[in-house]
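Consider the two complexes below, in which chain A is the common component and chain B and chain C are the respective partners.
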Partner chain A sequence: MQGYIYPNEFELHWGLLVVLYPYITGLVAGAFILASLERVFNVKEVQPTYRLALLTALAFLLVAPLPLLAHLGHPLRSYEIFLTPNRKSAMAMFGFVYAWYLTVVLLLEIWFEYRKDLVLWARSERGPKKWLHYALTLGATDLSEEALRFDDNAGRWITIIGIPSAFLLHGYVGFIFGSVKANPWWSSVLMPVVFLFSAIVSGIALVLFIYVAASLFRSKPVDMRCADKLAAFLFYAMIVDFSLEMLDFIHRLYESEESIEILSQLIQGPLFISLIVLQVVLGTLVPLIALGVVSPALSDRGVSRTPAELRRLIYLACATLVQIGIFSIRWNVVLGGQLFSKSLRGLTVYKPLLFGTEGLLMASVLLFLPLVILWLLVKVLPPWLDAEATE
Partner chain B sequence: MAGPADRVEACLQPTDEVLAGARPSDEVKAGVRPPGEREVDRREFLEQALKAGLGVPILLGVIRIQDLVAGDAGQEGYEPGEHYYGMGVDVGRCIGCGMCAQACKTENDVPLEPHYFNTWIERYVIQTDGAVVVDSPNGGMDGFPGAQSEGEIQRTFFVPKLCNHCEDAPCVQVCPVGATFTTEDGVVLVDEEYCIGCSYCIQACPYGARWFHPEKHVAAKCTFCYHRLVEGLVPACVEVCPTGARVFGEVEHRATPLARFMRLNEIQVLKPHLNTKPRVYYANLDGEVR
Partner chain C sequence: MPQQVPRLAVLFAVLVVGFVVARESLVPDTFGDVGHYRAAAVTSIAAREKSYAGHRECADCHDEIAEQRLASHHSGVACEVCHGPGAAHSEYPDEVELPAPRERGFCPLCHRYDPSRPTGFPQIEPVAHNPLEPCMSCHDPHAPEPPEVPEECGACHGQISRLKTVSHHVTLDCTTCHATEEQHKITPRLVRPGKPVDRGFCGTCHDEDADSQADIPRIDLATHGEDYQCWQCHYPHYPETG
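Let's look at the complex of A and B:
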């Protein structure tokens, strides 16, 4: 502690779990937006990751509410958000946005996308798998051309609704923070937009990572056209994201409101490692330079030509760094916003715990859980092109 | 959702216990003994207070709102619609004795550990070189040790703080389930049977007036001693303040102490740029106070 903080500010109220919440929803929104690219804008190269991106979004979406629930003082009362939402509260809408996104967008889209394969798999398989796949068709086994065309159209429409929904889902999370006028670190109209673009960055990086890693793991060739395209998208999204962050930064610096002094102390002090080192240098600049050099983002074959094996590894490394960077962004927003006093006269510290609901252990479990769910989903609904059923 | 009346009722519950048992505030109320953990000898206390030349309000004993408020509805059948409360704080009068913070902890069953306060006192030391040093050791509950100042002191003063019962309260706005609400008589309360413990309101309060109850796992804050208001009493902090630095009453009627306070002083509120419309009104407030 340093300077003066209000006596009630010694305790930090939003800890690691609340850091996870925007991180995870960001991955969901980002992965979904990536999937939409293929669907709506017909980017053929990334097709091998279309289904994977959808399943990734679903796996993370299923986990997204858990950290929120776990951090509540009374999780058993949380249903009140649905029963008696306070319409003026930004947070009250979470349940509705979430339910809309999960049921109307993701589940439906995945169902339409997989229906044909489910029917075919059910026909050719035996044992429990047959019944599972049959159950998942919900009895809709019509494979006539007309029915398939309907699937395709429905999928397209849902994606078209889904894109603004994904923007809503994560822009909304940004709004929860950006609309807190009491907190000069949070309060910014740019917050939802910055959240959104960082979400896209994190989603693309995640899918790229899972795709390349899973291919290596399955000893299948990585489709380098796809990986290159993803890397190029990642590069563009990062440029936009970084520009927005810089805009926010310069704007604050130039306006130089009364909070500027304490915020610069914050950046130079408790946030130095997580903001300057992890978020900006390791999480943004290093991968930006690497991607700029090797990916086809700037010139068709990359500024410097690299063999595919090396490029794969560089992509994996960049995707990992980007995840670290995005996690740091969430950390810096959520925790950073509580490390200075609203009296603007002092700083406090955050001490992460190892155990307990707000502890590191719990956070790691919650971060690992979506990967387990994804693994299960991939078992039931193989997203690989080579697994697609043929008649 | 429970109706407004039930919910106010729920917020009043601690009172019943207090009323049934040896009510901790009784002595405080009568001005016999200062509240809180520190058992100060009664004579010593009176001496201290008198030394400061400020014994009068204590000796007045119980101050009833009826005595303060013109045209009050009387004790029975409390009508919230007939009231609209606020508090005045005269910074020039505060001596930093910490009695208000102590009384509040006793009256409202606030955990005694250091970091839970409905009300606290800040000390400002302004040096000739312009540096400002602020502190509030244990919320000012135990008074203030001599100021440790490196530079030459230009002036120094105490500022009592509490929930401002904002008219446009950000805490009320953000509560996802409506557990934080404003009563008809202008008091911001938390329904602890209903609060889901998300802490959003704590983040949204610009004044650091809220804390998270370590046992009940709900948000907590100053209630203006609502359980006392409905009985026609003033908040405990107002009652025990030996210098009359705190003035409580109706905002809207002319002939009340608060109205008089606001007429006779130049009034400021905290962080006016946030447009929360606080109902705690400060007189003699220094520009350094945030």
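Let's look at the complex of A and C:
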């Protein structure tokens, strides 16, 4: 603690779990937007990750509200937000955005995408798996040309509805922060846009990571054309994201409101490690340079040619760094906005706890949980091309 | 019509109907009549049994204590803050006894030193302030007074005096800078000590030409710190440089 802070600012009200929440929804939106772009623009190379991206989005979406439930501490009352929604509250309306996105967009798209395989799997398997897959088809087992064409068309339409929905889902999270007028660190119309692009970055990095890591685990060859393409996408998304953040930064510097003094102290003090070191240097510049050099983003074969094995490892490392960087962005936004006093004359500190519903342990469980769910989903709905059933 | 459509339609119909039914059955009747809450909550809360009587009620029987308290520093602290809800006791004083918080841990709930309390609010450090004895052996809870007029300014201005003892100004008495009448220690809010008002005051020791101890660091009063008061840059109870 330094300088002057008001007594009610001593304790931070939004802690680690509220950092987790935008991080996880960001991954959902990012993974989904990646899948949608693959589908809408029909990018052949990244076909192997289309289903994986959808399942990843679903696994993380299921976990997304849990940090909030744990943070608010009344999970048994949570359904009331649907029953008696306060229409003037952005947070309350989010419940509906979430429900829409989960049921109408994501589950439907996955269903149409998998229906044919579900039917074929149910036909060829036996035991509980057969029944599970059959139940998932909802009894729609028609595999005629016409029915399959319908699946495809429906999937495309849902994707087209899904893109704005995903934008809404994550734009909303930025909106929540951006619309806090009284907080100079948050209040900015650019916030939803910056959140969105960082979401896309994190989603691509996550899918890239899971794809490469899972292939290595399954001792299947990594389709390098696919990995390269993803890495190139990641590079482009990061360029846009970084430019937007710089735009925001320069805009603040130029406006130079009365808060600029305390914000610069904030950046040089409590946020130095997480903002300058983790977010900008390790999370953005290092992966940008590495991807620019090895991925085919700038020139067809990469600026410097690297053997596939090495490139794979570089991609894994970059994707990890990007995740750390994006997590730091969420950290810097959520906690940074509470570390300085409304008096603009003092800074406080945040010390995460280890135990308790808001502690580090809880946070790591919530970060790990989507991976467990994803593993289960992959068991039930294998997303790999080699698992796709052939007639 | 493709097979998928009716199946999904049924599924979504179930969801929508489930939602409508849940809303119909779970949302309370009077919800939203007045505001974004159950209007009947007001009457059902009002109908609950009273547990607090209010301090006027206590005065009916404990008139001496009540008068004593009203004239004391605790005039703003109601009886039931310390004794707990007393409606039942007021009705049946012989059957229902009220506890009295005699343990030492209680008073520091309000009086333990805490920087967010306003300056001048009587605060103590329970570990150091006459440990082991119950507070009541020296302070009457219904008319609390320090049992004797404290000698040291630090009895009430603990933080400032602790800070000063580790500062460069350790050798200076509080009264060097604050002319203080004795009465301030008895009725601190009515009689206030003086405070330095201008730069010239600090200059009496720190100006280049000042007639003071030789080892005191000097500044040029005319130029140093421009037109600001010295204490806008140096905290007088813990002067630091740079």
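Keep this in mind: the second predicted complex is superposed on the first by the 388 of 391 C-alpha atoms of A that agree within 3 Å, B and C clash if a C-alpha of one lies under 4 Å from a C-alpha of the other, contacts with A are read in each partner's own complex, and residues count from 1 in each chain.
Methods note: a contact is a pair of C-beta atoms (placed from the backbone, for glycine too) under 8 Å apart; a residue touches a chain by one contact, two chains touch by 3 or more.
Treat the numbers as computed from the prediction; the structure is a model and nothing was measured.
Q: Clash or fit: chain B against chain C, after overlaying the two structures on chain A?
A: These partners clash in the superposed model.
Q: Pick one for A:L83: touches chain B only (first), chain C only (second), both, or neither.
A: The answer is both, since A:L83 touches chain B and chain C.
Q: Which partner does A:F10 reach: the first (chain B), the second (chain C), both, or neither?
A: After superposing on A, A:F10 lies in contact with both chain B and chain C.
Q: In the superposed arrangement, which partner chain does A:R115 touch: chain B (first), chain C (second), both, or neither?
A: second
Q: Return first, second, both or neither, reflecting whether A:H251 touches chain B, chain C, both chains, or no partner chain.
A: After superposition on chain A, A:H251 lies in contact with neither partner.
Q: Quick check on the superposed pair: does A:R301 touch chain B, chain C, both, or neither? Answer first, second, both or neither.
A: Once the two structures are laid over each other on A, A:R301 reaches no partner at all.
Q: On the A-aligned overlay, A:L138 touches which partner chain: chain B = first, chain C = second, or both, or neither?
A: After superposition on chain A, A:L138 lies in contact with chain C alone.
Q: Regarding the shared-chain residue A:N183, is it in contact with chain B (first), chain C (second), both, or neither?
A: After superposition on chain A, A:N183 lies in contact with chain B alone.
Q: Touching A:F94, do we find chain B (first), chain C (second), both, or neither?
A: The first partner, chain B, only.
Q: So in the superposed three-chain picture, is A:E146 touching just chain B, just chain C, both, or none of them (first/second/both/neither)?
A: Touch partner of A:E146: chain C, not chain B.
Q: Hey, is it chain B or chain C that touches more of chain A?
A: It is B that touches the greater number of chain A residues.
Q: For chain A, give the residues common to its interface with chain B and its interface with chain C.
A: The answer is residues 7, 10, 83-84, 86 of chain A.
Q: Touching chain C in the complex: which residues of chain A?
A: 7, 10, 79, 82-84, 86, 103, 108, 111-112, 115, 138-142, 146-147, 150-151, 154
Q: With touch defined as at the start, can you tell me which chain A residues reach chain B in the complex?
A: Per the touch definition, chain A meets chain B at residues 3-11, 13-14, 71-75, 77-78, 80-81, 83-86, 88-92, 94, 176, 180-183, 337-338, 341-345.
Q: Would you tell me which residues of chain C are touching chain A in their complex?
A: Per the touch definition, chain C meets chain A at residues 2-4, 7-8, 11-12, 15, 19, 22-23, 26-27, 31-32, 36, 115-116.
Q: Under the touch definition given earlier, write down the residues of chain B that touch chain A in their complex.
A: 1, 114-117, 120, 122, 132-136, 138-139, 161, 170, 172-178, 194-200, 202-212, 216-218, 274, 290
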